[in-house]
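Have a look at these structures, which come just after this line.
Note that chain A is present in both complexes that follow, paired respectively with chain B and with chain C.
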Partner chain A sequence: MNNLKLFKRQTVNELSTFYSFLIGFIIAIIIGSIILLIQDKNPIDTFSLMLRLSVGSIKSLSSSLNKAIPLILAGLGISIINSVKLWNIGAEGQIFLGAIAVNFIYINTQFNSPSFHILVLLLAGFVGGSVCILIPAITKVVFGVNEIITTLLTNYIVFGVTIYLINGPWKDPKSLNFPAAAYVGEEVFLPTIFGKLSFGFLICILFTFLAHYLKNKSVFGFEMRIAGGSAMTAVYAGINAKQKAFIAMLIGGGFAGLAGAIELLSQTHRVSTGISQGFGYTAIIVAAITGMRPFGIFLVGSLFGALSIGGSVIQTIGVSTYIADIIQASTLFGALIIQFFFNYQIKRVDDD
Partner chain B sequence: MIDIQLIGLLNATLQAATLLFIAALGELITEKSGILNLGVEGMISVGAVTGFMTAINTENIFFAVLVGVLSSSVFASIHALVTVVLKQDQTVSGLILTILGLALSSLLGKNYVGRKLVTKLESVTSITEPSNIIEVLISQNIIFYVAIVLMIGTSFLLKRTMFGRRLEAVGEDSKSSDSMGLKVAKTQFIATCVGGAFAGLSGVYLTLSYVPYWTDNMTSGRGWIALALVIFGGWKPYRTALGAILFGFLEALVPRLQTYGFELSPYIVKITPYVITILVLVILTIYKGGKTGAPKNIGVPFFRENR
Partner chain C sequence: MKKYILEVKNISKSFGNVKALEDVNFYLQKGKIHGLLGENGAGKSSLMNILSGIYQPEKGSIFINDIKQKSLDPESASELGIGMVHQEFRLIESFSIKDNLTLSKANIYKDNFKEAYEKYCEIFSLSVSPEKLIAQLSVGEKQKIEIMKLIFKNSNIMLLDEPTAVLTPQETDQLRISLERLSEEDEKTIVLISHKLKEIRDFTEKVFVMKNGKMVAEDLSTVNVTDDNLVELMMGRIQKSIIDKSNKTGDTKLSVESIEYIDKVSNYKILEDINLEIKAGEILGIAGVSGNGQVELANIISGIESDYSGKIIINNKDVSQKGVKSRKKLNLSYIPENRLGVGLAPGVSVLDNSIVRDYFKTRLGPHLSRSKTETYLESLIKKFSIKAPNSKAEISTLSGGNMQKLLMGRELVSNPEVIIASQPTRGLDVNAVEAIHTLLVDQRDMGSAILLISEDLDELFKLSNRLHVMYEGKIVKSLDIDTADINNVGLAMAGVIE
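Up next, the complex of A and B:
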């Protein structure tokens, strides 16, 4: 009798994550095309329009990369926290609290040097992100409360606080129809590199290398991996697993908070609900799809940034912006399916 | 003479509890088989929008419920395919199911925002303003009674039927179950789809009765509260129901506090369910000290070693 059986492959191709992503992306484009066809839109026209409006000129390319900044930074934060095998679903809230922290420091302090002022505000954003994950981190490390649910729920709490601030104490009387805080002064705007590309992109590159070093080259990264592996090994190696997990969570939250600070200082220039448009959730896809590799996060984050810009401009021809979200999520599902074939082998076996 | 406000509070408690409970019960069944599905939020959303669209287009309420339940179940089968058949990470797959579900339902529901329903899910009796507890209990929406039946049915299923015992065995120790000849993959696949169907029912209740209209992201974290409820209930149907009533009560109470003389900002009212969920999870974890009652194999993909 012939039987199909599953075998785990002894060696998995080193580039399997990359190939899975590539094929996953193709699958997602096909799914996107089907959805467009159902809506009576020509997929080739739509996608070429998206391509032109997201990377076709210096102006559009720079807005795509601007969009990539929060995805990359939040994605890096998620990958650092995943080194200890924990999940951060709260990047969205951390981005908001980062921006809130920036505005709080901006209102309450005075600096003569603008560049030093900007530096302090960026730091405030990082700390804001860390503060946002503080309660999930403490409850996880001390009591063992599931961090997936607590980090997710903090998103709703921080968003509620944001709504409260921009409708209450921080409400700008000049902004009548759209609740928002007052604009920050032009002296703290982040400079641009070329076109509209924010200086934040350089910070992003720096932090990509930093995350790579932290995760893969530093002693702390090694300890994080052991702490996230087996509890017994950590004990034998004399590593305080809980401490590593706690620090990893604060750093990871800080990365997302920094994204919020950059978003405020270079894009929105004020606290509003527009600080993040689901960047924290897309960042989960970005981090997961790359197998938590910092350089991969940088590349996929840039691609997804362009995809989001493309998705938002095709609104004008009556295509829903959600098409970009669906393509991003489908890419990961496609990649997961393909990854299976890299990890397992299906063989025909004769039963005796 | 019972306070009319108290009656209103009880009514709102039961409605909010029903919504949370059905989704939580579905997730409980899925998790019992050892599969963690973090896609509850997305599944509720898919059920909510497909049910609403069907109700608008066909004006047939039972057909709308059916479509909502089935489409969520089919949607959950993506998770089953990726995690059960292809053995990929359950956390990643579940999270993406939520993101995909929310995006997909926003896309589908784009032209349905603000539309009014002609037919809704109605309460079983004609009492519109109940004046005592009995009248509250007999005037609930039909889904409330369905939820009670599902609760009793699930408890019976888990404890007294072969399917339930198999489900539990697979979730506790899939390797032994497999060597005993149980079909691990089939059981887990079914349990995931049943979980999706329950989330779909919760979704149609949301758009066809509880709210009732459609807008983007209207599930507003209820799927995640349902996930917390499963932990709260220690993976037991009756205790999960108790948890749902507690959460439903808090969700109903906080906006009403003002009528009892408390001054509360509406913004604070909005975030309380999430704060309370975190608090409850923390208290529960401290109290139980790690013995949560979770199925032992949860999150671990089953793979039969072949040599």
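Up next, the complex of A and C:
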């Protein structure tokens, strides 16, 4: 009897993740085109309009990159946590708690130097993200509770806290019926680099290098990989695997929290439910597509930022914004399938 | 009257290149207890798995009650009354005893569970409520439930794969009484796999011996065969020392003083009063069937296990309270028996795995420069002739021999003063074994003190200067290699100590 069997390839092309992404993206564009055709829309027109409105001018390019900031930062956080083979599904909550921490510090402190003030607030965002993942990190390390579930649950809790704050103690009377906290003062707005592009983008570049260093060049990154590969090998090597997992989770949560801080200080300027539009979830897709590589996350995050800007403007010609979501999700789907064929080989074998 | 309830003729089975079974014959008489003896890897479990329909043989035939069976799958084997207790428990931990016993659709005690349970509890000297969860039972109790499960699904042929490996001597004795009653009162046909001659002798009427996938002795009457005979069948004839052992030895590098270690879960004494000393330039062999405390001893000496009593002295420094890293700094190396999973981390690159021992030393760290680590790996690859596709390849894509060479190279490259090598050649092909042996002997000549833990008497006699035999957590015999008698060592490994 003949059978098809899977064999793991001994060597995998170095650029395989990039090729998978590319092919996945092409597949996604084809799927998007089919859906547009069904709706009697011309795909080429639609996509070129999207392209023009997302990167065609300084103004649109800067909006796209602004959108990319939270995707990249949260994606980097997810990739750091994945070094110990753990999944952070809680970036969305961490973004919110980052923003909440910023507002909390803003309300309760006073600084004379605005730049120092901004620095403190950014730090508060980072700490807020870390605090958000603290309980999942503790339950993971101490009791072995599955972090996918606990980090997911924290999203709901933090969202609830946000709703409470902006309807209760922090509710801005001036915002009338729209629940939101009061605006922060202009002195703590993040400056822009060009067009509307936030200073946050520079922070993003800096943190991409930082994540790359941490994951790939530092002793800590090595220890995380060993701990993630085999807990027994970690013990054997004298590496405290639980400690590494704990620290990785706090750092990763902090990255997402920082994203929340930047959103608040450069986009929304106040705490509201609009702090994140699912960035924490899209960031999972971004991180997964790139195989958890920081520079890849930077590039794909930027692309996805442009896609969602493009997606939101094509509403004007009567196309649903969901086309952008469909393309993002299909890219991941296609890329994962293609990556599978890079990693494995299918052979015909005699049955045993 | 038919002679055999089950008969196996010329069965063969391979896994890849490994011939697990070659033309094996095996036959069982109704109502008797049969022993199946053989070293680790001899093929005992594979044979049992074929009888219970889990593996399909490539060749050969199986008769049950003189009827030829075309092909057995787990379901049909179970219907024919064949049941197996595996080396690892297969109970559902979160279910009660009752649920586990009645899970099978072949359950014959649907209506009278209570009486049946009481009857067999008496036979197994078990006194726990059937509502208790499996997770709350001791290892010995779980073992009893495993065997009882076979009775409940009406298995008349009971295949027990090393059931005593997890039991204390008292529990083993109890098991013997239970099995004897099952064979007499219920006419159960039983196969008992074991490494221990005493158990084979105490439990069984008939004995079969396997070696390297072949059945080297069939249907011997246990009362007529001698221990010497069985050991020789099981281990084969062994050539004595071929390596020059006249090298110079130096000061004592490792001493281990009165180590005691008690397993937290079972409260069972795993190691008792272990003392040993190794000098520079000396290889001390530890012979023993695996599972007699060797892994625990190696873990204690290397610093992985810290909850023991006794003293470990490396190079005149008492390191009993020290962790893994400080022992490594005193230049101790450990080649663990579990290559992939302990020594090497699966899912991680060759490069990362190559620096597991030395990464925290300034030579490579603290920034872990890529070029330094790459150079380090390249030197290992060259020095130890390792074949690896590239530094980023995942470690488990390497062959077993190359994995072991990488692990050995990593542990030996800094010329360690003390080396613990646990089963360093298990599962490797002849060429790789030879390469690993050469590495160890070279290291000995460079003045390392080496503790060699192995089950392979060939290897131990070839490499060691002295030999200790471990059995049930104790050193039961210490010999000088020149005067050591191979049969005596084999007997001591199987628990026969005169």
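Just so it is clear, the second predicted complex is superposed on the first by the 338 of 352 C-alpha atoms of A that agree within 3 Å, B and C clash if a C-alpha of one lies under 4 Å from a C-alpha of the other, contacts with A are read in each partner's own complex, and residues count from 1 in each chain.
Keep this in mind: a contact is a pair of C-beta atoms (placed from the backbone, for glycine too) under 8 Å apart; a residue touches a chain by one contact, two chains touch by 3 or more.
Note that the structure is a prediction, hence the values are computed from the model and not measured.
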| item | value |
| --- | --- |
| Fit or clash - chain C, chain B, common chain A | fit |
| Which of chain B and chain C A:Ser130 touches, first, second, both or neither | neither |
| Which superposed partner A:Ser308 touches (first chain B, second chain C, both, neither) | neither |
| Which of chain B and chain C A:Gln339 touches, first, second, both or neither | first |
| Chain B versus chain C as contact partner of A:Val161, first or second or both or neither | first |
| First (chain B), second (chain C), both or neither touched by A:Lys8 | both |
| Which of chain B and chain C A:Ser63 touches, first, second, both or neither | neither |
| First, second, both or neither for A:Ser20, with chain B first and chain C second | neither |
| Per-residue touch tally on chain A - higher for chain B or for chain C | B |
| Contacts of A:Ile149 with chain B and chain C, given as first, second, both or neither | first |
| Touched partner set for A:Ile226, first chain B, second chain C, both or neither | second |
| Lowest C-alpha to C-alpha distance for chain C against chain B (Å) | 5 |
| Common interface residues of chain A - those touching chain B in one complex and chain C in the other | 8 |
| Parts of chain C lying in touch with chain A, wherever the complex brings them together | 14, 56, 58, 302-304, 323-325, 328, 334, 336, 338, 341-348, 352, 355-357, 359-360, 365-370, 389-390, 392-394, 396-397 |
| Chain B residues touching chain A - in the complex, by the definition given at the top | 38, 78, 81-82, 86-89, 91-93, 95-96, 99-100, 102-104, 106-107, 110, 220-221, 224, 227-228, 231, 265, 267-268, 270-271, 274-275, 277-278, 281-282, 285-286, 290, 303-306 |
| Residues of chain A defined as touching chain C within the complex | 8-12, 14, 85, 217-219, 221-222, 225-226, 228-230, 232-238, 352 |
| Complex contacts: residues of chain A adjacent to chain B | 5-8, 35, 87, 89, 135, 139, 143-146, 148-150, 152-154, 156-157, 160-161, 163-164, 167-168, 281-282, 284-285, 288, 320, 322-323, 325-326, 328-330, 332-333, 336-337, 339-340, 343-344, 349 |
